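Both of the next two complexes hold chain A, though its partner changes from chain B to chain C.
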Partner chain A sequence: MKILVCFKTVPDLEMLSEEDWAVDSNLAVDVSFVKNILNCFDESALEMTLKLSEYSESFNESLTLTALTIGDKKAEMFLKTLYALKFQKAVRIENNEDVRFFPEVIAAVIAQYVEKINNQDVVVLGRQSGEGDNAKTPLLVAEMLGWPCITQVINIEPSQEERLRVTSMVEGGTLIQVIDTPCVLSVGNAPVSYLRVPTLKDKMSYGKRAIEVLNINVFNIASLLNKCYHEYQLIGLEKISNHRAGILIEGATTAEKAKKLYDHYLKERLEKQ
Partner chain B sequence: MSLTREQIVEGLVKILGSDKVITDKQVLQESSIDRFRKYEDVCGVYTQPLPAAVVYAESTEEIAAVLKFANDNTINIVPRTGRSATEGGLETVVENSVVLDGSRMNKILNVDTYNMMVTCQCGVSLEVLDDMLREQGYTTAHSPQSKPLAQMGGLVATRSIGQLSTLYGGIEDMVVGMETVFPNGEITRIKNVPRRATGPDIRHVIIGNEGALCYITEVTVKIFKYRPENNIFLGYTLESMKTGFEILREVMVEGYRPSVARLYDPEDGEYYFSHFAEGKCVLVFMVEGPKAIAEVSAKEIENIVQKHAECEKVNSQLIKTWFENLNWDPKKIAEEIDEIAQTQNIGFTTEVSGNWDVIYDIYEACCNRVREEIPDITMMGGHSSHSYMNGTNMYFMYYYNLVDITPEEEITKYHYPINKIIVEETIKAGGSMVHHHGVGKHRTHWIKEEYTSSYYILETLKKAFDPNGIMNMGTIIPIKK
Partner chain C sequence: MKFTVILNGCSDNFILQAEEINGFLSSNALNLSRGHTIIFYCEENSKIELMANAPTASVELIKVKRYQPENILEILKQRTINQQMDLYLFASDFTGSELSVRFAYRIAGSSLVAVNKLEIEKDGLIAYKAVYSNHMQGVFKLSKKPYCISIAKGCTDLEAVLEKNHEAITEDMMDVVKDDFIKEYDFVEEERVSGLAHAKFMLVAGNGVKQKEKVKRLEEIAKSLGAVLGVSRPVATNAWAPLNQLVGVSGVMAKPELCIAVAVSGAAAFFAGIEKSQYIIAINTDKGAPIVRCADVVIIDDYESILEELLKIK
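And now, the complex of A and B:
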């Protein structure tokens, strides 16, 4: 089974101080001074796929894993890590355009890669990135490929006969489905949230393979990109105030304060559980 | 005859009252270790003897009473405040120990902006203290990575050092005077004066004692003017650590005193600097103080660096952003626990020091050996972060995957062998096996090699001040078996 995991690297916005959130004349916040990290949902998708690959071996089925990202050269250190973690192929699609808010463009590139360059059985993506927050790319990829899409995926396991057992969050619970491929899986808020770490030996043995670099211009997206530039325009940025309300519990002693906390705020919640 | 657990608790309740004596199992388990055994904590497996109780003292007199009770009944006391220890200093290795917690002694007693010092109880949080001082235009200038967690008593007890040490020194350079309680209940005060030549400087018997001689209840430290508007950040990428050490040396020897002077190797730097220095070493300076001095220092340090062709200057905002994200707070620690549990990858540090003529050899030998000899290693690197006229430190960082082990084997399979390599290579080269975390309980094995003939002085101090052996046994000096 061939599985493509698409991931995005994003600036670590937690590193920005209050004063760094200044909007410049181009309506942009300068994030060039912070390091890049894996988008959190994509990190879950990558680790989930590695776990699936391990489990599949016990089913005597081997997976072919490809990692793909669209971006500049900064993403290559992540691709090298994925090579060291035994991904068979690492692909970077060179792009210096700002496509954060154009998921149609990203989805078109991924769909064309799967259709024309490297056929796959499964495409796994994080549901959204903290940068664009569009939450559209997996659905658009599925639509363009004409494949079914499962959203809010939190676990993937092997099943028999080229099928996958997929767990996803649905309203009020979780849903487990055994599905046929091809399919698109959109990874949500999964319990697996960190990517494993390769050993130095694996970095030396596997991490130095050449990354396949394709230019975004080889994909047929010029007219789509133009359309996006004309249809969407950023007209303003406003800071959201995130102040949280707080209550000071008054009391003569610690015990009195603890009792008030329990009686007024905790008791009812604990009883519901 | 020694007391039973129940008798110990009963005695403590008589002294302190029941609300200050905690015997809850989970509290005892979590209080039996520090961050050296963080993997056991992640797994919820606690292998150390559980203390009989954790007690919270609220005054110097209560500390004295508890110590006297322990001394009379030979009960091991583990002193603690902020609980940020990393070297096993808080482990309760002796059966029925009592953890004596001073974190409720958290009053700032006097801010003296004329004589430039602040007096506070041992449980005052460094971050709280420094934030309060900064509002008034002053600072302690002490800024260890543990600043959001650490408290004043523990910082002095472990000979802590901060990120601004190259200008302001370690805590030993900042302490003016102290109040201390010895195991027999004797309360002593060292008065606050700028200098004295009245015999040996007895502050240094107490600073760095790691709770193995006495309990620090109050400290007075220097304060400095806080002028962040004058801070200038400088950063460079370069190819080799050897060149980096040479530049650090030249900056120090020529008499410049940046507050921050750091040199990262590519492995350690990858975590912080991968967005602009992938595969390269990074040299960082921050200069501060009066504007004119800061500007001249920055200019002259730049001149020194520019003589080395391999150094490329980077945008100073990159360094400022890095510096603002350096400290560890409770949120980062909680995230780390989750990450370890998921990835089964864990990291630790070992910090040593050496003179200029050996520091590169120590760095190279330790990195090479750990990479070659330790299984499942995922990262081995380090940085120099505190420089002096004679040499500098190396702060080794290492991570490994935990493969086929029980929680307690994490230490024997990985952590001890790495510590052993670093300590042995450092001592062999003539360096010091501990730069600023303290000896704790896991580097005591090499204490005699570290001290050589001066071990006589250390051992005599222990015998003199703690004749019954009740103060944090197994810390600094190993327990005789």
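And now, the complex of A and C:
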């Protein structure tokens, strides 16, 4: 079974200070000085797929794992790690266009990659990522490929007859479904949140393979962007302010602080409950 | 603007969906007489309650075997194929956002997920939504009809439906099957309901708690104080607490009267889940943490010691 995991590296937005949130004339915030991290949902998707690959061996089935990202060179460090974690293929589609708010473009590139370059049985993606927070890419990939989609996935296991057992969160509980492929899986809040660290030996043995780099122009991005501009555009961007009074309770001891908190701010409110 | 509301009547949270959409329609001045509601349902005996909670007088009840997105999308397309609709509105839950995007693609419209506010213009629709992990608000102009919008969780007050003169048609579309790819299907109900969405007093714990055992103790403290415990995403995804206790953009957006946030840094995507609290008390050892600026009252100290002291006083 061939599985493609699409991931995005994102700036760690929590590192920005209040003053850093200045919007420029292109309606963008400069995040170039912030370190890049794996988008949290994508990180779960990558680890979940590695676990699936391990389980699959007990079903005598071998998976071919490909990791794909669209972006600049900064992502290559993560692709090398994925090679060291035994992904068979690591691909970067070079892009310098501003596609923050155009998941239609990203989805179209992924769908073309699957249809024309590297056929797959399953595509796994995180449900959403900053900066755009569009929450649309996995859904659009499914629609463009004409494949079914399962959202809020929290676990993927192998099953008999080359099927997958997929667990997903739904209102009021969890759904466990055994499915035929092809399928798009959109990963939600999974209790698999961190990507494992490769061993030094594996880094040396597998982490130095060449990353396949494709140019995004191969995917006709100019026409895709043009189509999007005619459908919707970002026309404003402003900082959300959540500031409150922030009254600081001081005291010489913990007990004194707790007493002040209770007497002045909590007692009356607790009595109302 | 001619619009259709899509609701999932197979879900236990149907009333919440309906009241939230009703609040959204009212706060965005959408003319209810130009609206229509489609409700998918599974249980015959739920029809009366579902219809009574439809935000618009014109209602279509569609019976399905179970709520399965592939089937629902096919039915929606069949039922709306000849309609000249301007706007389709979907609920704030994950099913609402999924349908809005996929349905828009199928009918060649445009979509936006988790929208807080709409403004109708002659040549388009202005939509506001949180971006940059909830640090910024983006303003979008959509120009391609039909617009398919799912609303943001907690973007509006819940408003009970006042419409009494519903005119409903019922359709049985259980024979529409597009989910052949599913070979086994098993729904496991949550063992316990978190109660966070309606909690009046909430204690929320962040990644700074560091251990599962500490979360367990916080659960006991919350109980003693009369609060409901919520947690940030790292606490839930580390399996220190059940996923249904997750507070934030991808979990519950709570509106308690009182919220005590402990060991919480205040990441924007988390804070969005407690920002509607009437009063926020933060207990944190880091005075530079963003939560300090976003709380009404702050104690810079070890949260465990403060909470244990509070239990003694109480």
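As a working rule, the second predicted complex is superposed on the first by the 237 of 273 C-alpha atoms of A that agree within 3 Å, B and C clash if a C-alpha of one lies under 4 Å from a C-alpha of the other, contacts with A are read in each partner's own complex, and residues count from 1 in each chain.
Just so we're on the same page, a residue touches a chain if its C-beta (ideal position, glycine included) is under 8 Å from a C-beta of that chain, and two chains touch if they have at least 3 such contacts.
Just so it is clear, the structure is predicted and the values come from calculations on it, not from any experiment.
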Using the touch definition from the top, say if A:200 reaches chain B (first), chain C (second), both or neither.
first
Scan A:15 for contacts with chain B and chain C and give back first, second, both or neither.
first
Considering only the touch criterion stated at the top, classify A:220 as touching first (chain B), second (chain C), both, or neither.
neither
Going by the contact rule set out at the top, does A:74 touch chain B (first), chain C (second), both, or neither?
first
Should A:35 be classified as contacting the first partner (chain B), the second (chain C), both, or neither?
first
Using the superposition described at the top, determine whether chain B or chain C touches more residues of chain A.
C
Where does A:119 make contact in the superposed view: on chain B (first), on chain C (second), on both, or on neither?
neither
Chain A residues contacting chain B in one complex and chain C in the other 14, 16, 192-193
Which of the residues in chain B come into contact with chain A in the complex?
270, 272-275, 278, 315, 317-318, 320-321, 324-325, 338-339, 342-345, 371, 376-380, 399, 401
If we count contacts the way the header does, which residues on chain A are in touch with chain B in the complex?
14-17, 20, 33-36, 74, 77, 192-200
Taking the complex as given, what residues does chain C use to touch chain A?
8, 11-13, 69-70, 93-95, 97-98, 101-102, 105-106, 110-114, 126, 129-144, 178-190, 200-201, 225-226, 233-234, 236-239, 243, 246, 249-251, 257-258, 265, 267-268, 271, 275, 279-281, 290, 292-302, 305-306, 309-310, 313-314
So in the complex, which bits of chain A are touching chain C?
13-14, 16, 21, 23, 29, 40, 44, 100-101, 127-128, 130-136, 139-140, 142-144, 148-149, 151-152, 154, 163, 165, 169-181, 183, 188-193, 230-240, 242-249, 254-255, 257-259, 261-262, 265-266, 269-270, 272-273
